[in-house]
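Below is one structure, written out as structure tokens, with a few remarks after it.
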Amino acid sequence: MTSERYQKGMDKLKELTVADENSPTGHMDIGEGFRDIAPDLQRYVVEFAFGDIYARPGLSNKQKVLTTISALVAQGTPQIGMHVVTGLNVGLTPDEIAGCIMHLIPYVGFPRALNALRVAQEVFAEQGVAISQPDAAQ
Amino acid sequence: MTSERYQKGMDKLKELTVADENSPTGHMDIGEGFRDIAPDLQRYVVEFAFGDIYARPGLSNKQKVLTTISALVAQGTPQIGMHVVTGLNVGLTPDEIAGCIMHLIPYVGFPRALNALRVAQEVFAEQGVAISQPDAAQ
Amino acid sequence: MTSERYQKGMDKLKELTVADENSPTGHMDIGEGFRDIAPDLQRYVVEFAFGDIYARPGLSNKQKVLTTISALVAQGTPQIGMHVVTGLNVGLTPDEIAGCIMHLIPYVGFPRALNALRVAQEVFAEQGVAISQPDAAQ
Amino acid sequence: MTSERYQKGMDKLKELTVADENSPTGHMDIGEGFRDIAPDLQRYVVEFAFGDIYARPGLSNKQKVLTTISALVAQGTPQIGMHVVTGLNVGLTPDEIAGCIMHLIPYVGFPRALNALRVAQEVFAEQGVAISQPDAAQ
Amino acid sequence: MTSERYQKGMDKLKELTVADENSPTGHMDIGEGFRDIAPDLQRYVVEFAFGDIYARPGLSNKQKVLTTISALVAQGTPQIGMHVVTGLNVGLTPDEIAGCIMHLIPYVGFPRALNALRVAQEVFAEQGVAISQPDAAQ
Amino acid sequence: MTSERYQKGMDKLKELTVADENSPTGHMDIGEGFRDIAPDLQRYVVEFAFGDIYARPGLSNKQKVLTTISALVAQGTPQIGMHVVTGLNVGLTPDEIAGCIMHLIPYVGFPRALNALRVAQEVFAEQGVAISQPDAAQ
């Protein structure tokens, strides 16, 4: 059951999260809560989404998280927060994460950007991080 | 009319494109074709999208193009090609651009990713560029 | 007012729901709550959505509910739960309903599938039903 | 900092809202809550969205609000309520606002229309307004 | 077969189009081309979309077309052109139609607005109409 | 390289298509055209989309194709045609396929349904199939 791809996915998840023994995949929801109605879901998340795709060469982890957040901002799906945490874990600064959402305004419009900023703001507050020049009266 | 923001937007456009005297904004469509029905559109594209937003600090040009492409892949809008050219201009490799689209499969599904890969493939062919290991039988 | 189409829609609704005298359309929201701002809405729901479309020949009720759920999963609209109840009423098994959502992962991505599974899971719990082999360590 | 465009945007916002000294932009969320992570956002909302675009000639305020609500209904974004308030402020009747959402059923489907009607209904109740013939048994 | 609702829908279609004997519904596609695979489709278009919904009181025809165009711009569906023709038929000016699309930029982003402007521009050229001040160097 | 999952995916593809030696996956686009820019894509399509997901128990092939088509109708992605062919291959009747698209009108609106019917109509014509009662003047 712990196939090579599963192991590869779990290794990638460890890179992306601050994991400990009790929570081996950290803050990342990998579908564990759906064992009762979709017992194979977690395997697909780990093996395919993380073992096959997230572990692909070509992009850095920072690039991968920015790419992920951008797509979710455009979709308007509510999972953005989890990926903002991942972004901070792999070294994206709050400026880069907020900057990514701001950058998307001309492409997705203000409403979707504002919804995403709200989620990022909550994560930044929970994690105790801030952008570099919040007082900059631009 | 050539406000400071307009100039800032045009400067950013020069960074993003391979421009010459005949085509000061290079391959980038900034809405010039709509002077007859929306004479102010081009100004908003240059001043707001490029002068205000694209010129923001916080992200590198490479990050900005990846972010843009990711959102357009998720939306399924047909403007991706123009931004793939921009990506190559600012130094993204074909591996990074194709890698960004591949990375989005778990988030947007295969159909939208395949549509985007088709566009990227055409741009790569036109520009005579290729990924680093196309023969890699992964 | 109770046109032939209205009656046809109400008959179809009875097929799809577990109705009683107090709640003639069962769990199905047919827009009754909007009489104050859109007094004709309920009529359109019953006559058009159920009398004209849902009562069309060609597909079984089971097929119609699967089709409906699939479209709502792709849209990301929050009405999925109501249609999961309908699915159980017309004889879809929890395996078929969860299987439909799992099947859509390659087409709509994990985030929209996970959102839909969450809703299905809640409905299954409320209705006291389960998939056939939840322990299957696939 | 209070550029001509900023002033133009604030003037337009005053037209659209019932503002007072404590809340100069009334019910309208112009991004003030994001000063900590996107200090320039509010400026773009006021200058671009209101100063450049909302202040364009060609459409009446009533037309602009109907247009805005229609796009948000189609997107399924949750910001509709704020624009329903704006609609009432500029003189749209509850019949026109509810009528706009009802009109979109054939284009966006019932689920998105029902979600929007729910928001409009809440705003109408808060504002103490009603459609002209709620009892019309159509 | 020509129910009261069908007649009401056809009457509304005559209001919206420049019809003649050979083409009783003018430029409007009411699904006639699908008689072979969905023989009841045309009836639903005429009876429901036009007889029930488009004929509702509460909004003027001009408002209804603006509302329709706005939703289609947000969706990115390709049917916008047909409704731009309808808009001109019911008395919307090119300024109002182009203005509606421009107004949506902050809500849907530039790419969807540019796609819609392209369609409107083609229709305006075919119909030989123009906005009032195309030379306005704004 | 021909892993067990790859073989499982190819077996499923054979079930879904009319394959021959020259075209082992029949009409189905499995990403072969992208070997130059995404050499691992085909493997993911075969292994994950077909070997893992399409080969899951719980739904019949007919149900799986209906589910797929429904999601693509809602998305408005252009890949519907390929899946209509698959539907015919696994035994869905033209009535069921057209009926599925018609059934979605209340959920996705007429424009997306009409776009999908156009694609289905082309496939039916190419394959020389027809619905059972095209003359039914409903």
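Chains here go by letter, A, B, C, D, E and F, matching the order in which they are written, and residues are numbered from 1 within each.
In this text, a contact is a pair of C-beta atoms (placed from the backbone, for glycine too) under 8 Å apart; a residue touches a chain by one contact, two chains touch by 3 or more.
Note that the coordinates shown come from a computational prediction; the quantities given were computed from them, not determined experimentally.
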Quick one: which chains contact subunit D and subunit F both? A, B, C, E
How far, in degrees, do you have to turn subunit A to put its CA atoms on top of subunit F, rounded to the nearest 5? 180
Could you work out how far the Cα centre of subunit B sits from that of subunit F, in whole Å? 32
Please work out the Cα centroid separation of subunit D and subunit E, and write it as a whole number of Å. 23
For subunit C, give me the residues that contact two or more of the other chains. 40, 44, 48-49, 53, 56, 72, 75-76, 98, 102, 105-108, 110-111
Going by the touch rule set out above, what shape does the chain contact graph take here: line, ring, star, complete or other? complete
In the complex, subunit A touches subunit C at residues 1, 29, 31, 33-41, 43-45, 49, 72, 75-79
Can you list the subunit B residues touching subunit D in their complex? 40, 44, 48, 52-53, 56
Of subunit E, residues touching subunit A in the complex: 105-111
Parts of subunit F lying in touch with subunit C, wherever the complex brings them together: 48-49, 53-54, 56-59, 63-64, 66-68, 70-75, 95-96, 98-100, 102-108
Show me the residue ranges of subunit B that touch subunit F in the complex, using the header's touch definition. 76, 94, 98, 101-102, 105, 110-112, 114-115, 117-118, 120-121, 124, 130-131, 133-138
